[in-house]
Amino acid sequence: MDRKIRVTVWNEFRHECDGKHKASQVYPQGMHSVIAAALAREGDLAVRTATLDEPEHGLTADALADTDVLTWWGHAAHGEVKDEIVDRVHQRVILDGMGLVVLHSGHFSKIFRKLMGTTCNLPWREAGEKERLWVVEPGHPVARGLPPYFEIPRAEMYGERFDIPAPDTLVLLSWFKGGEVFRSGCCFHRGNGKIFYFGPGHETYPIYHQAEVQRVIINACRWAAPNGCPPPVFGNQKALELL
Amino acid sequence: MDRKIRVTVWNEFRHECDGKHKASQVYPQGMHSVIAAALAREGDLAVRTATLDEPEHGLTADALADTDVLTWWGHAAHGEVKDEIVDRVHQRVILDGMGLVVLHSGHFSKIFRKLMGTTCNLPWREAGEKERLWVVEPGHPVARGLPPYFEIPRAEMYGERFDIPAPDTLVLLSWFKGGEVFRSGCCFHRGNGKIFYFGPGHETYPIYHQAEVQRVIINACRWAAPNGCPPPVFGNQKALELL
Amino acid sequence: MDRKIRVTVWNEFRHECDGKHKASQVYPQGMHSVIAAALAREGDLAVRTATLDEPEHGLTADALADTDVLTWWGHAAHGEVKDEIVDRVHQRVILDGMGLVVLHSGHFSKIFRKLMGTTCNLPWREAGEKERLWVVEPGHPVARGLPPYFEIPRAEMYGERFDIPAPDTLVLLSWFKGGEVFRSGCCFHRGNGKIFYFGPGHETYPIYHQAEVQRVIINACRWAAPNGCPPPVFGNQKALELL
Amino acid sequence: MDRKIRVTVWNEFRHECDGKHKASQVYPQGMHSVIAAALAREGDLAVRTATLDEPEHGLTADALADTDVLTWWGHAAHGEVKDEIVDRVHQRVILDGMGLVVLHSGHFSKIFRKLMGTTCNLPWREAGEKERLWVVEPGHPVARGLPPYFEIPRAEMYGERFDIPAPDTLVLLSWFKGGEVFRSGCCFHRGNGKIFYFGPGHETYPIYHQAEVQRVIINACRWAAPNGCPPPVFGNQKALELL
């Protein structure tokens, strides 16, 4: 891509607005602000943000048309995301090839579940335990610049059985202190688009401030950027060869 | 599986009931009757049928609870399949591991699209042209007993780009006289369940009377039969190790 | 398969013959004897054993022709396995579809490395630590009858990056007390054959006496049994259509 | 990658040197010259060539250390490629992540067979028939800039069953006039490296002069370029956690 990759960082942005919620201390401007700032330091990414409570959740047709990769964080208000906006995002991924980077509790968002076709449910535990992420496909673009493993000192456990389709490429695997494993870095092709699911990111730990976590999201945005491939050809066709 | 595999052969059964439609001549008792008869000749399959116009489309909770593998043919009336029944089938596949064998124009059924997460759209042509199916994964259970390729003398063309997720295993690839290729035998794991998509089967050609086509469907039913695995464990978990 | 699946349990059988090695206490008759006995209790498996120090390592052309699935345990003497025998096993897998179940340190055997095409190297630690195996593809035949996870009280750690091709299906993931994860249950199609790699099995812990471990090996033998598909067609071909 | 991607275009270069062989007319300077010229027109690729009859086949340790992606065309003289050079290329792919783009009859090269672990054999026919390549994964980097399909007017048929492991991503599928299909654009991760197999390219047809064919090779070089990931960590490890 010769021009900058246009990334829209989407956030539910509710926990951080609730002064009684610890997230408001860890991310006073919202997780999206920290993520967007990290992405914006990269010269090839043009970044803006959108949140649930903006009109049309900040995801108007124009905004999406102007987005190459959308990152998604949601948790408590998945149900408030309007179905028509979910359909709009879905179409933009499948038909136009917009990339989607789904973060942490975004596993249970309407858009991720619609794209995966499964429940996307999982076992979890909120105990501030250590998570260690291992690179299992080191040659993949999402692994660029990563060490063989990195640690998150305090994380929410997400474990298996994670009810997703087997990813097209499994890049990261997590170990949790409490005894679980998790497929925490998963690549999917869907339609013309590419989707990356990334496990870390609980709202009360400063995970998005961590360099390796930012590195994965940056890599994922580059990997998920659209290919510029034409829309697919469907419907009734004439024969290319004489019948 | 020590007992018989219980297969329910589902059919929209509209074309065949329309005396003016050619399907009524090729399949006077409905495609489901021909498919069910072929399956019933196998000693390890217990077969029954269900159709759209039965109450609850013949897919009551009891009927599904009594089904290990469901085969699905639909075409003109996808929209008439009730969403609650689609959700019931979806749950039964994902959580209980019921197998699903999707036939031909079933690619556009609500249940297949819901499970795949993509449009499942494709280019097509109805010209009665030759289709030749090549086995590309000969060691897979669905390929058991198949020659290196087999032909369907007159088929509807279904081509690429077929908008599905890359299958977990690609077993069959089709060549069409008119110039196209098609991923016509595709295996998917979704939740606890297994799904097989099989391309051949237009309603006005006697395709389900053909031995190789029946062989593939029989193999697919055996492959897709549930594993007896327990329902997945989701939700809040205690630590297995001391934290 | 209507007849019994003929399984040959192959073992290097050196550690157990060395009275000073702890393996001689844990497996006085050899690991192969314990594995073979577990398999033989299943009514559909016909089991025999073969070991390195037999003529042709017990893997004569006749013995292989009479084998549907070969299980492989080796460790200290990989280099003593003759290349011609390796080639014979390779041909039997690729062309005839014999199944291969590679156990633990068999990851570094000549035959597994030849089939994978990579180094098959990995990080490891021998500290008798706890391993917990999680089922990540519960609908797969290899997972039949398994609980969501099971534990091995004392195991050798095998970790990532495990230098193998991404498996066609990943069934089991291991957690280790010391901080690592491992893709410990991996399915591969290669040629007409199917290969399963299974991580557990160090020679000084009684791992092959454990019921869940035996269950996985039994399941793997059934899954890996050949399909009866004809040998592939290679070489110069006439056109099927008029050119 | 901030610097140019260093591509070495390797060619057996025997047919073209034989004045009686038609290849000497189609590619008087060798196929590598045409491929290299096409790559060199891209601003981000630094290209050189190497051929079989150079010392060490032009693939000295220094030359490989200076190569990010190696393209490989061989046919009649696979057996003359020295095993030590094959091992050197293999190590460079697996451990250092050098990309490898294998062209046409390179399917039967020692290096491709070693990396795949299978026979890599296939059915073929030399009849100058039409090949049509369909894009089946339009979002993949190798498909960038391609139309939904493109044609090669006169090609050698390569068909299924192509004895390779299922590719990690299948990007292109070929249709042949004579009745066959072929997985003609296949991506593989192996070790730290990435491998692309591309079907077109018989030496007596001007296939490497064709723009779409050049586009695929250019895309493949970019996709296969190494990630800069550190060499994997193998061998005995201390525990990261207290045991």
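Labels for the chains are A, B, C and D, by order of writing; each one numbers its residues from 1.
FYI, a contact is a pair of C-beta atoms (placed from the backbone, for glycine too) under 8 Å apart; a residue touches a chain by one contact, two chains touch by 3 or more.
All of these numbers come straight from a predicted model, not from anything done at the bench.
Chains touching both subunit C and subunit D: A, B. When you average the Cα atoms of each chain and compare centres, the chain farthest from subunit A turns out to be C. Across A-C and A-D, the chain pair carrying more C-beta contacts is A-D. Chain centres here are Cα means. That of subunit A falls 33 Å from that of subunit D.
Taking each chain's centre as the average of its CA atoms, subunit A and subunit C sit 37 Å apart. Annotation for subunit C: residues touching 2 or more other chains are 132, 135, 137-138, 148, 159, 161, 166, 168-169, 177, 179-180, 189, 191, 232-233, 240-241.
The touching residues of subunit B, counted against subunit D in their complex, run 132, 134-138, 148, 159-162, 166, 169-170, 173-176, 179-181, 183. Interface of subunit B with subunit A (complex): residues 94-95, 114-119, 121-127, 129, 157, 159, 161, 163, 165-166, 168, 177-180, 188-191, 232-241, 243.
Residues 97, 132, 135, 137-141, 143-148, 168-169, 177, 189, 191-194, 226-230, 232-233, 240-241 of subunit B are the ones that touch subunit C when the two sit in their complex.
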